[in-house]
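Labels A, B, C and D are assigned to the chains in the order they are written; within every chain, residues are numbered from 1.
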Amino acid sequence: MTETREPLLKVSDLVVTFGMGRHQVAAVAGVSFEIYEGETLGLVGESGCGKSTTGKALMRIVEPSSGTIELDGTDVIAQKGKALRNIRTRMQMIFQDPISSLNPRRRIKDIVAEPLDCWKSVTGDERDVLISDLLTKVGIDPKVYGNRYARQFSGGQCQRISIARSLAMRPKLLICDEMVSALDVSVQAQILNLLEDLKHEYGLTLLFIAHDLAVVKNVSDRVAVMYLGRICEIGPADTLYEAPAHPYTKFLLGAALEADPDSPVHGEVLGGEPPSPLNPPSGCRFRTRCPFATEKCVEIEPQLEEVAPGHHVACHYPLTISKK
Amino acid sequence: MSVEQEKLLVVKDLATTFHTAGGDLPAVGGVSFDMERNQTIGIVGESGSGKTVLSRTIMGLQQRTNVTVTGSVLLSGFEMVGASEDDKRKRWGTEVAMIFQDPMTSLNPVMKVGKQIDETLRVRLGMSKVDAKARAIELLELVGIPSPQYRYDAYPGQLSGGMRQRVVIAIALACSPQLLLADEPTTGLDVTIQAQILNLLEELKERLEMSVVLVTHDLGVVATRTSRIIVMYAGRIVEIGSTREVFAGHRMPYTRALLESSPKVSNASHTRLTTIPGRPPNLLKLTDGCSFAPRCSYATDKCRVERPELQAADEPGHMFACWNPLPKTRRTVRK
Amino acid sequence: MSNFPQFSVLEEAILVEKPEAKEPLGILFWICVGWIGLNIVGALFANVLPIENPLFQNYSFINSGPSLHHLFGTDDLGRDILARVIYGSRVSLSVGAGAMVIGFGVGAPLGMLAAYRRGRFDTILTNVMYVLLAFPAIIATIAILSFWTPRSLFKIIVVIGVASIPLVYRVIRTATLSVATKDFIIAAKVQGATDRRIIFRELTPNIAPIAISFLLIGVATVIALEGALAFLGLSVNPPTPSWGNMINEARTILQVNPWLVIFPSAALCLFLLCLNFIGDRLRHHFDVTEVKL
Amino acid sequence: MLRYVLRRVVMLIAICFIISVGSFYLIHLLPGNITTVIEGPGASPENQAKLYKLLGLNKPIYQQYFVWISNVLRGNLGTSFISQTSVASTIRAALPIDLEIIFLSQILAFITAIPIAMRSARKPDGWLDRAFSAGSFTLLSVPTFIVIVLMVLFISIKAGVPHTGPSSYVSFSQDWLGNLESMALPAIALAIGSFVVYYRVLRSDLIATLQEEFITMARSKGLSQRRIMWRHAFRPSSVALLGAAGVNIGGLLASGFVVQYLLNIPGLGYTLISAIDTSDYLLVQGIVLVVSVGVVLINFIFDFIINIVDPRISRE
């Protein structure tokens, strides 16, 4: 359905390594995906799978070791100095920890105005109007709260301020890195709804990184599942959740807890723990925990292959699509 | 009286107040409930609801300075509130034990994990060094730690989060307590590890014939693993009942808000979430009325001035605190 | 990721509508500030104050105790102790201020840059500083001052100042590191802020409280060190008075005239106490968690 | 662990090398002709030649260093041209006095600071804690050289306690009891300075440790207060204490110098200051070298102990 459109963001073979020599870890080991204009791609996985590093590498906050990132036809990796700072304003990022992402010693209207002040794009009264407008949009009264310091706000409010700041330069792509995981359920719902509203109003494209499967499904059009630095499955949200093709996705969904006493009693629980990224398994990275693994999985690393329209999976033995 | 003695835990009018620089902070206010043996109950609430403080007060673990505890906690007939540290200490570990939220900080970082287990065995049960070590290795095996002989000599920093939480469980179970208080035992763990730990707890509960109090913010954790649920808001119980009844026949608007505002895997993507405005109240500035009234769409003037007490619903054991409860229809959670 | 910032019950409850919950500075703080101010004024304007010439020897008043005429008494050469204590503060103050100007002037920018930039620059510099830090600075100071003759105020300031650079570097680097890894620094980068802007707008205001309280404690340490050096006869040469060398000169006539020890000692200790107290209060006030030194 | 120790040993060697270069170069800070400055203008030509040979002064400076360091490594620190005794033997005679003062003062400081800090931390803001916190904060601002002068003034002179005043030093081999008496004041003066530091560091670290979840965990296991304090809280906090003690050692030596200087105790400090006064530069150089290397070695040992106490550190 999206094949005819040009992707807004195109990532191919992205690799990010940390450390040196024997301690070298490939946190992201060859990740490719595309995000089309106006859609939300969810990136889900457990801790240490490299989902956050992928997000940071897109912004060049961590330097990718290899691979290409193309935003709207511009090569992000080739940018340097001012051009790099400039391209960063076309994508924005919201962080996990709402408190630490705002400077505690600045007033919130200055925090929201920071990008404008950096670029001197809007100044004077126009700037003030824009800031008030942005704060109002995210549900914070600029007259009452504009002059307060960031440390006086609760987690949910801080996240609203972060959103306002990220929208100031009218970016095309918004990367949300675990942005609701530190919030209470009732506040989380408010923020998620706000994000959906703003996405339509500002015509945003979203990369939504989270560990919570239910949250990711709620906001995403398509979902990519990561395991140990690689994408193991990517596809439309509803189909992927309905009929996961990768065994890991299936176990992940099986482990997700539904707030419903009538929900089916949990099937098989995935045993063991993810291996160390210092020393990833040969072949398929999931084979050490996979009940279906064979010799082939040890030897050959599976590549992403299309199993249904727009649904790709990296597994030698994808689960049958017909199975519910 | 004799009925109460049979019960494992009877909590009556329990209140915990912290005396802070900003004034008195009623973290738990007037909580009453009781618990049978071999039962698992869940305590659910958002941050600031008092669920963690409640579990620590039941255990009697709060520090002595700047805290006032009133009411009563009868643990197998023994009054924990106001008991001396020595009397409480005799019951800690053997009658009631606790698992903490963050396995990163709840183990002593400079002590081998094996030593942390057999310390309990030696001090509390008077075991010899050799016996204690053998038992500690058994316990490590019981909680599903691979190659326990080898792990016995590991420091907490050398284990993953899931493994550490297993060690914490092993320590808690060392003196076979009758009641296990688990305070957010899986928050901070990955989904697949969380499932492992919850299954382990359930299995051990059956095997060792314990009772478990599962304290959590996540309704998914308690939905299928508890027989009763307590919903807390601003330090008070707002609804209590059998798990099924609380999920399907809840009467308190807050319970509904909590259930409906969390996204569900079974819902289609882009399902609009139902939200309640605002956030949990400042405990330093509580009013006389219902604490939830400022966020509640059913609130009336009465709600704002008079606090509702728990009242019985139709099903025995199901109670709620609300002046304008939701109608008595049975809602189906699943569509 | 696995470590969610979980707020404890108490914190979240108070966090909501948190007022400017700063610990008040208290009246003692301002008394200390006043005392330090008084000392600085005294040192600056010693020439115009109605006190005697500290070098003037009045042989008719030798080793006299405190009196109306000589408030603190006189020493064995009949010099006015009050005048000598006030003039003596000049040495302590200039060493304290001068050495810290050097220490912070070099150490602080290097520490900030290293922690912000990271990479090879940080690795090399930190290792060099680590080696220098292992070097016993006090012994080195004594050694250099004993060889680098003739001794002058300038040399003392330079030696102590340079010796303090590695320590200042480490404190500032640690402090910067704790701020530079916060998300708001990354957020500023993401908005396209220049490094300059991040350093001045985001980093500096957050490090300043730590730096200021450490600076005050540093000044106190340096003044105490200069006192000890003067006591050992390794600071400015007599007859120029300094608190340390006054105590040194008095030690041989302790029995005869204890006032000669008591007044400069009291002046020095009170000054140090005030500095330490101000530094300590500021740290509490800005809620700076103790940076491990 | 092994890797960590190896790394530290390499570091240690590097630091000792830098110290030796620094000590060597000290002589060149002196203005004018080195032999004249060291031996005075009236030095005999053969003495001058001897010094020339010892310092290798006719060679380029890096070669001079090698001449000098090879002598030093063989234990030859030169001969003082003032007392005509070898620098090494003078140091050997003085060093035990410094070690004794430091040893005594540290024992005193630890056996007072640890129990008081433990009690303080158990009830922060209790009367004991308030008293000691305020007291230690005040003492923090009293330098050792003032402490010792005041002690001499009030204890030896005003109260007239015997064997405590200046020049009352008795050597250990002569009369061990008298030696201890004459060492009492210096040891106590240094102990006060160390106590203040150790008490404050241990107290604040203990208070932080006692807030940790693993302490609550230990309580919930039903362990006694005593066991929790010593087994669970003290060990992690002792890392901070040992760290403070390691950092403190340089200052401690310098304070020892001050004390010896005032009381005329013939330790390294007294010898050093007299040598500076008499311009006996070879002796000064020798003492500086020995003391610096000693401080670095002690720091190394402390690092090693800290590693054993806290296994997290070597794992980084």
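In the analysis below, a contact is a pair of C-beta atoms (placed from the backbone, for glycine too) under 8 Å apart; a residue touches a chain by one contact, two chains touch by 3 or more.
Owing to the predicted nature of the structure, the values given are computational and were not obtained by experimental measurement.
Quick check for you: compute each chain's CA centroid and the global CA centroid, then name the chain with the smallest gap between them.
Chain nearest the overall C-alpha centroid, as shown: C.
A-C versus C-D: which has more C-beta pairs touching?
It is C-D, judged by the count of C-beta pairs in contact.
Using each chain's Cα centroid, which is most distant from the centroid of chain A?
D
Just how far, in Å, is the C-alpha centre of chain D from the one of chain C?
Centre-to-centre distance between chain C and chain D: 22 Å.
Centroid from C-alpha atoms only, then distance chain A to chain D, rounded to Å. What do you get?
55
Taking the mean of the C-alpha atoms as each chain's centre, how many Å separate chain A from chain C?
Roughly 48 Å, centre to centre.
Would you mind pulling out the distance in Å between where the CA atoms of chain A average out and where those of chain B do?
Here chain A and chain B have centroids separated by 32 Å.
Which chain D residues reach two or more other chains?
If we look for residues of chain D contacting two or more partner chains, we find none.
At least two partner chains per residue is the criterion; list those residues in chain B.
Answer for chain B, listing residues that touch two or more other chains: 47, 101-102, 190, 279-280.
Counting only residues that touch at least two other chains, what does the list for chain C look like?
If we look for residues of chain C contacting two or more partner chains, we find 2, 4, 6-7, 12, 16-17, 19.
Could you pull out which chain B residues touch chain A in their complex?
Checking each residue of chain B against chain A gives 46-47, 160, 162-163, 190-196, 199, 217-221, 223-224, 243-244, 247-248, 257-259, 261-277, 279-280, 333-334.
Help me check something: in the complex, which residues belonging to chain C touch chain A?
Against chain A, the touching part of chain C is residues 1-2, 4-7, 12, 15-20, 182-184, 186-194, 197, 201-202, 205-206.
In their shared complex, at which residues does chain D touch chain B?
Going through chain D, the ones touching chain B are 123, 125, 212-214, 216-225, 227, 231-232, 235-236, 239, 309-312, 315.
Residues of chain B touching chain D in their complex?
56, 59, 61, 65, 85, 89-94, 97-98, 100-102, 105-111, 119-120, 123-124, 155, 157-158, 168, 171-172, 174-175
Taking the touch rule as given, give the residues of chain D at its contact with chain C in the complex, in rising order.
Contact set of chain D toward chain C: 11, 14-15, 18-19, 22-23, 26-27, 29-31, 137-138, 140-146, 149-150, 152-153, 157, 204, 240, 243, 247, 249-251, 253-255, 257-258, 261-262, 272-273, 276-277, 281, 284-285, 288, 291-292, 295-296, 299.
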